[in-house]
Amino acid sequence: MTTMLEVDGLGHTYQGKDGAHTAIDGLSFTVRAGELVCVVGPSGCGKSTLLRTIAGLVRPSRGTVSLHGNRVDGVPADLAVVFQDYSRSLFPWLTVARNVEFPLRGLAKAERVARARDALAAVGLDQAGRKYPWQLSGGMQQRVAIARALAYRPALLLMDEPFASVDAQTRFELEDLLLRVRREQDTTVLLVTHDIDESVYLGDRVLVLSKSPATVVADLDVHLGGARDQITTRASEEFVELRARVAGLLQGKQATRQPVHK
Amino acid sequence: MSALVRELRRWAVLAVAVVLWELVTRAAHDQNFPPPTTIARAAGRLWFSDAFADHIVPGVGRMLVGWAVAAVIGVALGVALGRSRAAMAYLGPVFTFMRSIPPPLLVPFFVATVGVLDLQLPTIVFGSIWPVLLNTVDGVRGVDATKVETAQVFRLSRTQWTFGVVLPSALPKVFAGLRLSLSIALILMVVSELVGSENGIGNRLVRAKSDYELPDMWAWIVLLGVLGYLFNTLLLLLERRALAWQPRHSLEAKTLATGG
Amino acid sequence: MSGAPRVPASLVGLVGLFAIWEVASRTDLVPAYYLRPPSVVFPRLLELVFADANFQRALVATLSATVLALVIAVLVAVPAGLLLGSVPAVRHGVMTLVEFLRPIPSVALIPLALLTFGTGPDTKVTLAVYGALWPILFNTMYALDEIDPLHVETARAFGTGRLGVLTRVALPHAAPFVLTGIRLSFAIAMGVAVSVELLAGGSVGIGQVVLEAGSGGFDMDTVLAGTVLAGLIGYGANAGLELLQRKAFAWSTPRGGAR
């Protein structure tokens, strides 16, 4: 499998009024094409900084990020982001369909419309194109944000706590939606979360970060197979064992870089 | 950046602008646009002459009295009516209609009714009352439900309720209205004195124009700018005192959010 | 005050105002000679608007000057506001000057403008632009201050450049603020236009018609009719722009602000 994302020695220090603050330090990992990798870490550990440096929104102080071999310097052309705060990342003055079409500038009108329609259908919102984001529930708004990212057909999809602001029931639905569309579209996903269960349930791999400044303390493979189910998967032995392990790592027990598989 | 540096830079920008103005007007040699040094000489001669007592004091006095009367009536009416949904449903449109009459158009009405020499005060009062009134109503309406319930629980007297809860909550809006009214009062002072008055800055301005004394005319214009700046700054200071308990708003926004 | 009162009550209020006015002037509570009753003023108003060519010309002159000034003000103030709002260095310099220019009431410039531009419509329009510029400029600028950083980040994450962010994110975000500015500026532009008409002998417009009726002929019917009509126009423009705001920018939360 080819390498999609390579992060090498990445570190970032914010210069604030009251001294410097190092958010992340010496982070190195890779994501292969087609993988869904979850990054889990304690709150405030610099997960968002990591994501913003990968997206090219923040220029890192140290280290490099490469997307399919090209060094990231500025926002790469084939990358999409889904932020946690859907109510702020969707544009309130555009309809749902126009929001999805927003990044597709440069394509022919017919192509834009078709892509938006397909993406909205993929997230189960074929009927909502002419509505405005604020006319939809929170979960539906986040579906729109996902559709927007999918329609862009990115090489890498970054998700920043994408399901942290919706209720538990919606969260399960959206998690399964994500698993389905990445399977259908073969998208490479890097998802940041603070939720241990979510990271294990969604990921092919789970990267566990330490407290700030964040470093990678473990890189765990998840062997739950392609088809996952909110009830049976979460009850499976492998799942329970993995989540306990991640929880232990987050609480600062002996870190390991050894893969978990036997 | 420290406040001092910012202040210094502000004045530096102004100084550069004035120097540029001087150079451009000197080069252009346009009668209508005398250089600032000439204007400054005229201002020094005019502002501190008899004109101060004969024109500046009476005109500005009328403006301040008119504005104060409008403020008292506007706030009192606003507090009295603002809490009543019914009263405002009926009267709101009436006030808005009154507010919509271009204030300078009051001048002809008062020219006809009270005469050219006495029209300044009524024009200023009538023109500047509506922003205070409507903004007070707005502020008074906005007292939040928790405060209303708290007041009920503590069984506040009517006076305590009005002066202890309603008025302080409405104060930011009241000040917004006062600032708008002040700028309208200044405009009406000028317009009414331009149309007809035996004294006042507007009167001097129009006289300087007909005598073709351009530096004098500019000096009066500059004086009006200085007065506008001065009154707005004083009102802002007062506001900052009165609203010290409030989270700070942008000073810049307040300095500039004036009408006309 | 954005919530429109219920239509019947608001109508009752306005009709009540005119009824009290009628009674007051009929019963000589106030000198009827000055405060002519509405039953005289309104017919006169209709007569002026529909049958008096002179007044029609004046009305068109005032309104077209107002609208033209607004259009120019928008064309100048919106790009300027976007520029000042997004380049802090320019903003600091310009705002320092504006802070000293702004307090000069536009009407104080009337004599100067009359000397420079004459008594034609140029004077009116120029000064009305000067007056109308500020609310639109400041509203555009402050809209940019309030823009959600996540909107900008989202656009950038999808590869939108600096110019794209300005036109596709900042501009639509600022649009409701701009419209609020236009609403405030309408009253200012009309007020300035009327002021110029009051003072410049040769300037055709409502202000001049009303002033002449008041001072020369003591024709109070026309004075009141003209004043009421201007009030109705201002009221209508304000209500119309508020309605437009609600319809066109339904996505935007209502904006307060001093009025």
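By letter and in written order, the chains are A, B and C; residue numbering begins at 1 in each of them.
Everything below uses one rule, namely that a residue touches a chain if its C-beta (ideal position, glycine included) is under 8 Å from a C-beta of that chain, and two chains touch if they have at least 3 such contacts.
Computed from a predicted structure; not experimentally measured.
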Review point. Most remote chain relative to chain B, going by C-alpha centroids?
Key: A
Study note, to complete from the structure: Per CA centroids, the chain at the heart of the structure shown is C
Revision key, fill the gap. Whole-Å distance, C-alpha centre of chain B to that of chain C, is 18
**Study point:** Inter-centroid spacing, chain C versus chain A (mean Cα positions, whole Å)
**Key:** 49
Check your understanding: Measuring from the mean C-alpha position of chain A to the mean C-alpha position of chain B, what distance in angstrom results?
Key -> 54
Exercise for review: Find every residue in chain C that makes contact with two or more other chains and list them.
Suggested key: none
Practice item. Hunt down the residues of chain A that sit against at least two other chains at once, touch-wise. Key: none
Review point. Residues of chain B touching chain C in their complex?
Key: 9-10, 13-14, 17, 32, 86, 88-94, 96-109, 111-113, 116, 131, 134-135, 137-138, 141, 173, 176-177, 179-180, 183, 186-187, 190-191, 194-195, 202, 205-206, 208-209, 214, 217-218, 220-222, 224-229, 232, 252-253, 255-260
Review point. Which of the residues in chain C come into contact with chain A in the complex?
Key: 148, 150-151, 153-160, 164, 168-169, 172-173, 175, 249-252
Exercise for review: Sort out for me which residues of chain C touch chain B in the complex.
Suggested key: 1, 5-6, 9-14, 16-17, 34-35, 92-93, 95-112, 114-116, 131, 134-135, 138, 142, 184, 187-188, 190-192, 194-195, 198-199, 206-207, 210-211, 213-215, 218, 220, 223-224, 226-228, 230-235, 238, 256-259
Exercise for review: Going by the contact rule at the top, pick out the chain A residues touching chain C in the complex.
Suggested key: 52, 55, 57, 75-77, 79-81, 83, 85, 88-89, 91-94, 102-103, 105, 132, 134, 148, 152, 158
